[in-house]
Amino acid sequence: MSKNSSNIMALVPKTSNKRETVCIFGTGDFGRALGHKLLQSGYPVVFGSRNPWPSSLIPKDAEVLSHAEAAQKAAIIIIAIQRQHYDFLASLEETLHGKVLVDISNNLKINQYPESNAKYLAQLVPSARVVKAFNTVSAWALQSGTLDASRQVFVCGDDTEAKQMVMDIVRALGLTPLDQGSLLAAREIENYPLQLFPMWKLPIFLSLGLTAFFFFYCLVRDVIYPCVYENKDYSFFLAISIPNRICPIMALVLLALVYLPGVLAAIIQLYRGTKYSRFPDWLDKWMLCRKQLGLVALAFASLHVIYTLVMPIRYYVRWRTEDRTISQALNNKTSPFDNTNGWLSDSYLALGILGFFLFVLLGITSLPSVSNNVNWREFRFVQSKLGYLTLILCTAHTLVYGGKRFLSPSSYRWYLPSAYMLSLIIPCIVLVVKFVLILPCLDKQLTRIRQGWERNPQYSEQSNYIINKSAV
Amino acid sequence: MSKNSSNIMALVPKTSNKRETVCIFGTGDFGRALGHKLLQSGYPVVFGSRNPWPSSLIPKDAEVLSHAEAAQKAAIIIIAIQRQHYDFLASLEETLHGKVLVDISNNLKINQYPESNAKYLAQLVPSARVVKAFNTVSAWALQSGTLDASRQVFVCGDDTEAKQMVMDIVRALGLTPLDQGSLLAAREIENYPLQLFPMWKLPIFLSLGLTAFFFFYCLVRDVIYPCVYENKDYSFFLAISIPNRICPIMALVLLALVYLPGVLAAIIQLYRGTKYSRFPDWLDKWMLCRKQLGLVALAFASLHVIYTLVMPIRYYVRWRTEDRTISQALNNKTSPFDNTNGWLSDSYLALGILGFFLFVLLGITSLPSVSNNVNWREFRFVQSKLGYLTLILCTAHTLVYGGKRFLSPSSYRWYLPSAYMLSLIIPCIVLVVKFVLILPCLDKQLTRIRQGWERNPQYSEQSNYIINKSAV
Amino acid sequence: MSKNSSNIMALVPKTSNKRETVCIFGTGDFGRALGHKLLQSGYPVVFGSRNPWPSSLIPKDAEVLSHAEAAQKAAIIIIAIQRQHYDFLASLEETLHGKVLVDISNNLKINQYPESNAKYLAQLVPSARVVKAFNTVSAWALQSGTLDASRQVFVCGDDTEAKQMVMDIVRALGLTPLDQGSLLAAREIENYPLQLFPMWKLPIFLSLGLTAFFFFYCLVRDVIYPCVYENKDYSFFLAISIPNRICPIMALVLLALVYLPGVLAAIIQLYRGTKYSRFPDWLDKWMLCRKQLGLVALAFASLHVIYTLVMPIRYYVRWRTEDRTISQALNNKTSPFDNTNGWLSDSYLALGILGFFLFVLLGITSLPSVSNNVNWREFRFVQSKLGYLTLILCTAHTLVYGGKRFLSPSSYRWYLPSAYMLSLIIPCIVLVVKFVLILPCLDKQLTRIRQGWERNPQYSEQSNYIINKSAV
């Protein structure tokens, strides 16, 4: 029996391990929201304030003390005050010695100050251990519990243990900490919540520019030309007909631009005979926003699909059909069925449908939760094999659409070719070059280079260790 | 050499750190499935059972003992028995002293008992440390490994360390523990798996009610009226024509209802001159289900799109077109092309397409994995800027659709206006009020209030610390 | 004051807790990329190499030593070399005694060697503690930071503590470790990155086979028959008409095949009178790929929708409409509106639209991030209640489409019934059997069995502990 009871004692863990008190400087919105959430998660909370008396706004279970008193009660102090009021912390230097100071501040503008707020704090109180965290979380989300946007909390700091302590708190609040390294990363972390889709800027500006170009191109050809020469008012083309010309063009050009950098990278690697040399900066940037380019292309393709499907409902199209039917009936002649036209029309539609279907598949696999569940081989299979198949189908769709129109002189108005002809240039180049690159002789060479072989080993001495291995 | 070898010794971690034995009371489905999974993850498992002999159903590597014996072998005991059989645990009080008891039970009904099962267990064995966990996981999912539904395991308990021990096990099983605080949360955790889309109830009942209203409204106007006055049988309108009237109305009304609470909240804040007073309960609830309202609206909008695109395939529409064409041909008259109609038809369709496109974008960004990858600024940009743009486009789509019909007396049957007119009321109100609110004078005031300024500071003394900052 | 300062001391955590040095054997792509990332995350890194001198390719902050020297500096050694070069490690046995060796290797083929690489390593250096990890991560992804594919790192090993140390590193790198148990799991982990959608193989081969069958069936009926008997060239049907016949058939058949195994499982359970007996292997496999079957069915359904909506744009359809209209006008006869046809056409379309709408809903809830946010009751509600409703709607859609054609002898060409009739067989069987199973008498029996009741208790003695509880 005695043996048993000793056995029990050994298996009963010590219960002294309570959660440590957390101190919060500042009783603003975010400080209170965080305090409230910390209390819920079992942390004792003490507020440090200039006016250390309880307020109806401050959670009831929390103590409110002067800054110095509050700081002495905890090993972790969350600084929930704005950067411009940090100065007084220097005077608390002695009390804050060795403490973990959590900088949660945000700025109003990107790169507002020469150094990051966290760095500034570390300079003010050099003996404290500063950790940057929580700045990406909103007070409102903390309170309401509806963390619709990010649950991710970026954490950085020079002291590993301090960082670990803060990350434990983050986890206890039901959020996901992401270690971003040393305090140098604070700058980027502070800029993060001020960013508005940084990866999307290039694709969106590019597509806005191209859209504007093709818009005016089509305007001239399809509205102004008939207005001048045939005195017809086709201004209503602006609503659907012209958008439905621009959308497929944009989709095809942008899709080709997704695969162009991979092809360029392969050419550079073949030319240099090594993969250990850096690509030019513009190529690196281009490769990093391929996913966004592809999604913008998919958006244009989707619009094209709806614009096309809506056609038979349009008054103009219905009127034209009726008008032609009536005039044929009045002239008592019926046009016989043309088998070639049947084939062209159907295969052009079928190619477009299959291309769009694969395009949507690509889009779905680029959803974070889906791409997180596939391995690299699968990801590469989808993004490159299926991707090229999509490009081939969409290019073929456009070529068949062109059909015989290509050679008819009536499609050259003011010497301007149809817009769709322009859109075929880049896709065709990409497909031809890709076809050349997968010829056995070049492909073998490229594979060897990508496996680390170098034609000219000393070349790599000048390069740095960044690996330029593209997911071509 | 000796220095080296000592160096090695210091760097070699001690290997005594084996995983601790876990005891499971109960050999039912869930107990066995959990035992099986624990063994896979390297935990020694001992079962406590009334009939302590090995069975073919129990994993071979696990021991089966009596309850008391099994309990002595482990610090953590998982109680895989039903609440109504808990009583005998009181007799084991001495053996269970200080142990971590994991309550994994579920009830059959929401709030079935006055206290939560975990609380009941804690009252039965006051000297044990009770943790609630695992109740959201299914035995079948544990076994088959296909955790299609949630990998999240809610954990709560009064003892932080006990909770930590359970959360470590949860993680070791490949699941994600979510700390929900003290044992008080057990009630909610036990109700969770019994809930059926609680956030969706309000939006779905609301839309069912509105759908029923508009259905009968359209039935009267479009089927019963022509039946009575023109003696025509339009009953087949029930399949497509009337649904395609209800869907866009519902989509527009619900979308407007997504943005109405934000506008109301702004008015309340402006009127009270502070953000530190609670909103009425109904407004809080409304604001929390805006996402669901929006998604239901998107569902109606999608149905509207398919119903519309399917139109030219319908026998009725094809017959009507043919009939009109033939009668025109027989009467030898062709209607000339009307440019205004061309514009109206095309711009109404274009507005609808763009509105739907933005609506789908909004829907995609509300997918958990996507919204988890955007920061707050981006989330608010998408949900409020793009959201209002969607509302404007959809309202304009409906207005242009109405076009001249608005004034024609034939659209007032039995003094009832067309259903689409009713649907415009709320969106127009929201847009007008929003337009007033973004006038500089009001906007400045509102921004000040949302940054914490109070017109009447003592007001806040009566309020509590809940922050009512809406993501307007 | 002295009390205060001691207080401070107690609250200041010890700062000696630096991150431990990690050693990497091998300076290839992956070794360097991992070293770079480890340095970023605050780990001191030392490389072990045959040529222990600094190279421009190796991160500047890392030391490069001989294998033996490097190994002595760290408790964890990452083996970033290929399996065929492992032999020399045996000679370092003494130095590697007790160290954690992390095997990160991958093979070129599934099951390339008799034992897993990690097992082979453990046999070579029996005194070391081998952990398998990191093999699913790509070097390129580690460097570029764009972890588009999986962030999941599978970890396995026989030593719990060693595994824990490796999992801490994985977490510090911002990746998600998943404990897979003992080193036996290494084989599966090594095969994982070589797999190409293993769960999708069965559904895709099945649908390819069925598609081929239905393709030739339709080819014979719709192209060859009219070619032989009516001498008409309908070859252009290959592009759209025949695919649009195959797609709905495949969607319906595959959807029925999703629900067939659940029905079979219920019959087996009823017949055996217990749930504690294993299902046949083929049924287990079938049940595990139901989700994939359903998604393939959804893909076919989506294609069917686009193919159908595109119909009025096809040259063939436009020509036929015009031709009929003109001939009616010339013959001076108009066909009156047929109310039954109006009903049939509209209700067939409406059923299809609603079925497809629910199908898409099912697809959305099967997205990992969505299904992760629903509880089991909700998941089962969606997948089984909504799923059966979808099946009913789609079957009804096909039945109404068939309409009167069913009995007309002209739809039997060469004694072959229309393809859609074949597609109705499985769905109707599933629905009828399911209807029988939910009759109160059978349903009650089945529920009892699923709750653990056994008609013949000794039966279970022969079975093992796998629970066959299907989410029917």
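The chains carry the letters A, B and C, assigned in the order they are written, with residues numbered from 1 in each.
Here, contacts are C-beta pairs under 8 Å (C-beta built on N, C-alpha and C of every residue); 3 or more make two chains touch, one makes a residue touch a chain.
The chain list, named the UniProt way, goes like this: A, B, C = STEAP4 metalloreductase.
Just so we're clear, the structure is a prediction, and the values are computed from it rather than from any experiment.
Rotation angle for the C-alpha superposition of subunit B (STEAP4 metalloreductase) on subunit C (STEAP4 metalloreductase): 120 degrees, rounded in steps of 5.
Two copies of one sequence, subunit A (STEAP4 metalloreductase) and subunit C (STEAP4 metalloreductase), touch each other mainly through non-matching residues, since under half of the numbers at the interface are common to both. For the pair subunit A (STEAP4 metalloreductase) and subunit C (STEAP4 metalloreductase), the distance between mean C-alpha positions equals 24 Å. Each of residues 309, 312, 325-326, 329, 367-370, 372 in subunit B (STEAP4 metalloreductase) touches at least two other chains. For subunit A (STEAP4 metalloreductase) in complex with subunit B (STEAP4 metalloreductase), the touching residues are 4, 7-8, 11-15, 17-19, 28-29, 32-33, 36, 40-42, 56-59, 136, 138-141, 143-144, 146, 148-152, 171-172, 174, 192-197, 233, 235-237, 239-241, 243, 299, 302-303, 306-307, 309-310, 312-316, 318-319, 322-323, 325-327, 329-330, 367-370, 372. Subunit B (STEAP4 metalloreductase) makes touch with subunit A (STEAP4 metalloreductase) in their complex at residues 72, 74-75, 95, 97-100, 129, 159-162, 164-165, 178-182, 276, 288, 291, 305, 308-309, 311-312, 321, 324-326, 328-329, 332, 334-335, 337-339, 341-347, 349-350, 353, 356-357, 360-361, 366-379, 381, 452, 460-467, 469-471.
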